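Dropping the structures in below, format is structure tokens.
Shared between the two complexes below is chain A, which pairs with chain B and chain C, respectively.
The block that comes next holds the complex of A and B.
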């Protein structure tokens, strides 16, 4: 969080990484357990951001845009869903509903009752140009802040990076929004 | 800055050009047919399927659709650094490759058409097409690009069909959007493209003006629409506000209308709340089936044709009112001057989107 390690995975624990974060964050949201990995990480990332910046929860219910992106879409869940009908006897409805990457945006919106703009894009790699441009565009329209994320998950490979963009600087850790700054943040 | 939209094209079971498609729509011909043993348990399933080999179909549709677009704008625009290609899709060529298929398809397009930039891919479920068009217009207005080609494409796969079957969402007859006896969706496949530009003169045929567009989540359920239509109400309100227009200026609504009980009920609630339930409205799913990521682009292309030809197309499959709010559903084709069109879309993940088009 803001360059600091706030939690480390316990390799011995019986819980997977997402459940460890969930417990550590003392969350109580039963929908979490039915989510796929993409949505779990999006949900947890958002909760961590909110815990560290209370101001996020003070925006109007349609003032926050949700902009997310990755390169493999919902492949991690697609594989599991395909397996359900090819090998396990019948197509699983609870997996099928997660075979769209934008479902994670829906999960965040439902959790927070946020009615703002939605966009899910797919890029070969994190595209800081696009995010910087598009946040600035939305902030000049009907949006006051952007919750953004790159959430790319396939098998054991997890690459999750969330950031929050506001119109004005509120504290010292904020950087002006441009492609270069974003790119540096992502690489950290 | 004015944004222009035109050079529309559609490939569907109804035809491989915009002319063929619109001519079939005017004759109220559907692309939906029954396919024996197509379901997971070998059920017969109604589908709107393009009769060519499934192998390589996805790439073929994209290539063919875009080659036709090249005939309607200066061909050198494709390779300009100020032109962007936007691909709107939900599952890409999923039967071919499960992992990375969408990125691969976009990469193939970049090579094939010598595009300066990697395409932007928008994947927002069934609202993808409308969101892709809105995103593009925003990028052009910000001066990042001058022109954009938006192509929407999805094909029927076992993956998607079995998935919707598992949700009991597939109708056992051709879908009947907004009808009292509707039973669910009919899946379709297709590819459509439109061009957006800040320059009127790039279009061979005079374009239509793109006014505004927004999206809104209904924050209700990942696979079920909100009963009140909150997200749809908000996006339409926001789009009207940004366009500095009111609901009385809308001549026609090209709705989403999937043919499921809940979706169509939700849309009727939203249009009722917006004071738009008297405006002529159709769903094109009775012709094309639900083409998912292509739907918003296909339906916007048809809006452009309706505006050019001043014909409102009958909402195929609709017979009797059966939604909580009565809507003005187009029962027979109507010949009428159409100046302003509202296009809407709603989909899984709670996402709703809208855009407004206006004759110049």
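The block that comes next holds the complex of A and C.
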């Protein structure tokens, strides 16, 4: 979080990493357990951001835009869904509902009652130009802040990076979010 | 019948990922939907899959599902009934 390690995986625990974070964060949202991994990480990342910056929760319900991206869409869940009917004999409805990557945006929106602009894009790799440009376009209009994230999960390979961009007095007068700085942050 | 109801509760908890729910939290005669379990329409579909997977019972009429999945009692009765 902002360059600091706030939680380490307990390798001995019977719980997986997401459940460990959920418990450690003392969250109470039973729907969490029904989510796929994309939504779980999006949910947990958002909750961690909120816990460290209470200001996020003070925005109006249509003032925060949700902007997410990855390169593998919902392939991780798609494969599990395929397995449910090819190998286990019955297609799982609860897996099926997560066979679209933008469902994670819905989960965040439902949890926080945020109804602002939202977009999920699929790019070959993290695209700092896209995030910077799109955020600046949104912030130049009615959006006051953007919750952004790169959430790429496939075969237990997890690459998650969330960031929160606010309209400040500085960028309100033409000092836009910088693509290069964002790229450096992601690589860290 | 008691064993069947206990099995159903365990299967429901597992199939529906009700991690915070214990077998003892589910009363035999309590409504499964609209109550404390917080089940939704996707869970209803999962229950249909559960019946087929564990008991070989197919429910094709959605109206029938409403009665069958009312409670643990109604599910158990349906499974053990001749038409089940």
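Throughout what follows, the second predicted complex is superposed on the first by the 180 of 188 C-alpha atoms of A that agree within 3 Å, B and C clash if a C-alpha of one lies under 4 Å from a C-alpha of the other, contacts with A are read in each partner's own complex, and residues count from 1 in each chain.
To be clear about the criterion, contacts are C-beta pairs under 8 Å (C-beta built on N, C-alpha and C of every residue); 3 or more make two chains touch, one makes a residue touch a chain.
Note that the structure is predicted; figures quoted are calculated from it, not measured.
Q: After lining up the shared chain so the two structures overlap, which partner does A:133 touch, if you call chain B first and chain C second: first, second, both or neither?
A: After superposing on A, A:133 lies in contact with chain B but is clear of chain C.
Q: For A:62, select first, second, both or neither according to whether it touches chain B, chain C, the two together, or no partner.
A: first
Q: Return first, second, both or neither, reflecting whether A:99 touches chain B, chain C, both chains, or no partner chain.
A: First partner only, chain B.
Q: Any idea whether chain B or chain C touches more of chain A?
A: Of the two chains, more chain A residues are contacted by B.
Q: Is A:33 touching anything from chain B or chain C once the two structures are fitted on A? First, second, both or neither.
A: In the superposition, A:33 touches chain C alone.
Q: For A:90, is the partner it touches chain B (first), chain C (second), both, or none of the two (neither)?
A: both
Q: Thinking of the overlay built on chain A, is A:161 touched by chain B (first), by chain C (second), by both, or by neither?
A: Neither partner.
Q: What residues on chain A does chain C touch that chain B touches too?
A: Comparing the two interfaces on chain A, one with chain B and one with chain C, the shared residues are 90-93, 97.
Q: In the complex of these two chains, what residues of chain A are touching chain B?
A: Its residues touching chain B are 61-62, 66, 71-73, 75, 78-79, 81-82, 85, 90-93, 96-107, 109-110, 112-124, 130, 133-134, 136-138, 140-142, 154.
Q: Could you pull out which chain C residues touch chain A in their complex?
A: 16-20, 38, 42-43, 45-46, 49, 52-53
Q: What part of chain A is in contact with chain C in the complex they form?
A: 19, 30-31, 33-34, 88-94, 97
Q: Give every residue of chain B touching chain A within the complex, in rising order.
A: 40, 90-92, 94, 98-100, 102-103, 106-107, 118, 120-125, 127, 131, 135, 138-139, 141-142, 144, 158-159, 162-167, 214-223, 230-231, 234, 238, 241-242, 348-351
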